[in-house]
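Right, one structure below, let's go through it.
Labels for the chains are A, B, C, D, E and F, by order of writing; each one numbers its residues from 1.
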């Protein structure tokens, strides 16, 4: 397996294909135009400057274009920067594709789908089961490829499905320990809780927020969609309302985007399971980057804390 | 016009019809059952105790029953209490009805409807106009009778419509002063902003929260309903999204129940107009009860402040 | 099984043994002394007034005394109160003992001890294992009988051990899902996290805060004790420090009593597991008291929320 | 009308008169002195560097000096910067004056004064009227030229008077809708609420905070001045106190600089009207700079929100 | 010295003169009027009910009337209440006066005045000295008798002067330790910081808030008064502004009523000295009421804490 | 006395010995390595860049190395930077040592020790006295050289001892004013309150946080140490607990790192004295750097305030 850009050190030479994630034009102090490129592969991303660009360059070196680039990793104001010696757009003949440059979940899509299907199969309440099955089917393709977030946690291909499947594991353990829990409601909440992100986020490669994501947000979008599907399937009864409540309240507090706090036991549990899986994912990733005896970088989504990796841990 | 219960003083005799708003059973320290009654007419409400009650009493003296009662207004732990000398259920022959005992908006339903219709007629954007017209038509009956809240402000028959019509006045003035405002969007937001309360609140006489009110709340309920009506009317375009955003954000902050803060100019204005009308209503009502030179009771919804009525004001 | 005081309704007659949890003297408006008694059995507690008491009564009817009492459950200011018809102190001949009147964990002490022992046995890091084993052995008796808190959750005999064993289950599931976790550190944290409560709380029957509990609190007390035992066992190395950090940070935030927030992955997880087990316990208990379709009482430790039990749940 | 500096794009040549708003000396890495100039005209401002400056340059190119400058608009660290080709101080012969380079209210001073006078004329309470008239007269010149703030809103010549006159419009509409309002008190509060800024801010061209502005602030300064003028005019009675309260509380909350929250109805309304006018002004300005379908820059004074301009709006 | 009402226990007989602090009329459940009296002497206060009162009683038993009362201290809802056996208004012949029933500072007025005068004499900056001297002279009588607050701390006759003199002691020590401090400014701030309370509070016997206290508050009132006296004395210069700032900021934070936080060293110190003296006073008083080994009642002004008196302290 | 680096202006030549406080390697945009050096002497610190460094340079120019350097003070992005003309490592022959370059307390170590000893001698409670004496003896060397903090206040050699001795002065004054205070407890708290910093901070020259400082913090570390020494000295009794409480609570609030707020009078006072001394120290230092009529830089630890030095102050 080749070395990803996230693993280069200052001074290393680079000569490989890489994907343009973002490209923006500036004008230098000498009055000449240049491009700032964010380049990425599955291991990470790096900034580069392409100086004295022509109009043609600006048309070619755009987001989602793969390029063949040779250069050197330098340091600029404390951050790595890729100094470009030569660059060209990749063509069909190069045999590379966008998906080669994007991180993927450590579990295959097929396995994730199987686990989702299995959980739905276990459900006994037919109202909840039919709603979940219909929504999973409707959104299956996006559900299996979208990330769970634009950054922070599970921000890779199939990240959303991976997050859901991890949470289903936790839900199963919790149900074993606290049998009073309504497993069907909890499973339904876990599977659907972030499905509104398929509308909130723009896509897999250059994940940003859509207009409806910015103005309404994934939580009310999903509440509305559950209402719609229930009408379509002619399902009535408190299950629909309870499920809408689980989605609505899964961020736990009004300040965190849930207009109602959890008021049903399974809603509280959904919130806690979501929190636990997201935090473990972020911590594992950050700790993997440092050696025993070191602290991680500050983690914004964990209250800006910097975590310690004990020195008696095996690396 | 007869004197309402809200205007009786300690020591006054009472002999009139009055409505039971709430009735609950207790057991006295002597072991005998009694009823605690909350009695109301259009001017206010008062507590009363009916001692040594029989099983029959408990069946007769229930919420929404009108009674003929004679007694005296006493004081108990600092609050007025109606001491009952005699009480009987009112019958058909008495010629009284529930609506006689409930406060109404100071403007007639017909006038309110006319003003609403006029505002809708003024709208030029046909998408917004059609959505508003369809929802007003669909909910017309409840919209013209429901209160705007279970307490605090506009908590009387037709309170919601009265609140909307006042806000339309403010919206019109604001538009005159700031012509950049999109009047259609603002009008649509004003008319629909609290329509979700028709699902959130249980009714006109004994207004409480419904289950969907408690678990989902009027804001997401209305966002969903706007989505539904747009699909039904086959209206597409950013107007639907913008309108959903206005509803979603009209409480102004996440902590106050709006998962998104206002991000459109008219959303910000809708929030300010709603605040201003609700506060003026509460202040006017509280100040009407005190004399110049006095402070009002503490107003919970106004940060628990007690307001002063200057002594140079005419009463 | 006999009916506990927590299951009596207003109007029910009571004639049984019951334990005095607290007794305090007052003087009535007629100038005569009386006793306010808090009476409890394993199902709950109730207040009672003993009027016109003698000096002798005050000496006999004290905390931890069992009494034979006949009376009737009345209501006073909205809360149940036991009206006393007759009362006498229980003697040896009555064959009742204090432990009969106190709620116990649903799992036997022996089973709890076995599970604790098993978890300690699984540990591979000998420093952590030796510290945990020494502290469990030192405090074994209290550890197996103390509640986890004076109210809120696991507030019954063996509540602390029950809480620990539930958390160990969660820790085991988490470790299976996230194998990067250092299981030994997490187990050690789970077992010791609340052991400082054995110093903070006064005892099992009339659980209150000790002076060192009030002035220092269970968290710093336990940090100190881990330091002491490590010195005694001559254990050095970062394990001691890491374990002290887990205890110190398990409340998650400075405002909640942890001077350091979790800065080690297992510390974050310990906090989340503690939260989840405590909340599930409180929710299960509150929901068990209401019928489907009803809301629970407000739960102070859950941000004063009142939870809904869906009507499609089996009771 | 000539093109203002706020409308230049990167790469545009500039050759015109412009005003120095601020000038500060630095030393470059080559050890030579340079000047950083902030240049402004009525449309906006831009930074420029004047390299290798002499002592004479430093004496000439100072704040409030108009210069003739030719250069080019470049980009430096993401912000526009004016590259200077040649620069000279303007003289009398150039026929330019400072006021040509400063933004003005969209309404003429004379009109603003007329509207103010009209409102004062409408007042019926002679105590309030005399105080307002005396203070307006005393400060008339500054009142008609000062901005309402050093940035954020109404930060242009006559901005304060423009803000007051807009608020008077809102006050008039509010009074029409809620006739219980004491119009005289509200008008007096509107006219005087920010007059303390004439002492708090240093002037019209280079608006900064005075020492008394920093140490005492415009609110207590104005409370003191109302007390002074009342003594001077020998006006007694609650009107003075009420007016001082309106000024004192118009920021609404202690955290926002009002030691007392509004405790008089008109004080609450004054706060709401001030908020509404300031926010509409900021929103209109920010939205005017973007196209339909775009978001504005973040607006610090509006909780750092970025607002959306719907795509169905006419530009 | 006779035993004060604050030192009576439940069951004690009372037969002495006592002062009515407050009297309010109620109507009992039997329909008869009664008076609730708050009675006080220098040691504390107690509530009493006077049943079945006549119109005459209501005219006689009013605030600031001394009465001769015999009765017994009972307990009512957990608080002491004085049961009245007989009561009569005191007359001239009884030789008692209001001041006999009010707590006084432990230092005589004359001594306090001397210390104030001495501090003023020490001041070297003539502007500050003249302002302080003029204000102390103007308000001397009230300044020497008023309490520093209506409750909490130094709430007795001459409490304000006592508080000032204690703070002057602290200021002197601080100046000795940190000679950089401007002693004159600090002394001036200490002496004047709470002088606005002479306008904010109604008086010595029945201390309540005046209307200007409620609407403007002692801080802005004093800022205004310093401005007035400086104009009167024709004192100009930064001293006046600095002194106004010290008064304005002495509560330390906007939320605590200071629109500007301390921005001058002596302002910060004034805030800290004020805090220290007020807290020590409250703590000493609360601790004096409990025995070693006990906790005090909760102290609202100290964040509702309950303080411990160590058992190794001498009583 | 020679001119310290903190007193150089832009453009000044530098030719002297100076200490490297920190050294870190970077790679320039030309691909060549360079060192960023933080250089300090007792008067302050400055950044410098050493370009085109060799591997040998990196080994020589490290933290705690003294160098002979000639260069010039330039300005880079608004901050002073030392441009290096020549640099060499100092050797024995140069007769300079690390301590020459570090700021020291304005009072000699011997004097500080004498004052500490004197205070301990004054103590009458033998338990408290023995604990304090033992801990001071044990840590004497570090106690007399460590700073009180890594920045903010008393951040120089002997800073901790200097801070303690100042606080003892304040404690003595407070005790004279409020004789109810238990002087022994207060003295013990003052002397020991920050002794945990000897474990929390890494040393005198390059002060950073140790691992136990980061994971446990000086407060719990000191609580543990007091427990240890008491066991060692076989001291029992409430004094130990009270002293642990004083240490634990001296930051005043949970959010500031004290899991218990002060619950003993002397704990409250300790907190106030600590606050006062730290703040006066920071203020004096910041004000010494500016002229009368100027504001200081923003002081982060004083809520980011910028303080004013009145123009009527002597410099």
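Definition applied: contacts are C-beta pairs under 8 Å (C-beta built on N, C-alpha and C of every residue); 3 or more make two chains touch, one makes a residue touch a chain.
Because the structure is a prediction, the values reported are computed rather than measured.
Looking at subunit A and subunit F, the chains that touch each of them are C, D.
Two copies of one sequence, subunit B and subunit E, touch each other mainly through non-matching residues, since under half of the numbers at the interface are common to both.
Should one ask which of E-F and B-C has more C-beta pairs in contact, the pair is E-F.
Repeated interface: A-F and one of B-E, A-B or A-C share more than half of their contact pairs by residue number, and that pair is B-E.
Distance between subunit C and subunit E, defined via averaged C-alpha coordinates, is recorded as 44 Å.
Within subunit D, residues 211, 214-215, 238, 242, 263-264, 295, 308 each touch two or more of the remaining chains. Across the assembly, chains come into contact as A-B, A-C, A-D, A-F, B-C, B-D, B-E, C-E, C-F, D-E, D-F, E-F. Only residues 211-212, 214-217, 219-220, 223-224, 227-228, 231, 238, 241-242, 244-245, 248, 254-260, 263-264 of subunit B touch subunit A when the two sit together in their complex. Taken in their complex, subunit A has these residues touching subunit C: 125, 166, 169-170, 173-174, 176-178, 180, 182, 185, 237-239, 242, 261-265, 268-269, 272, 275-276, 279-280, 283-284, 287-288, 295, 302-303, 305-308, 310-313.
Touching subunit A in their complex are the following residues of subunit F: 26-29, 31, 211, 214-215. Only residues 10-11, 72, 74-76, 78, 81, 83, 295, 308 of subunit B touch subunit E when the two sit together in their complex.
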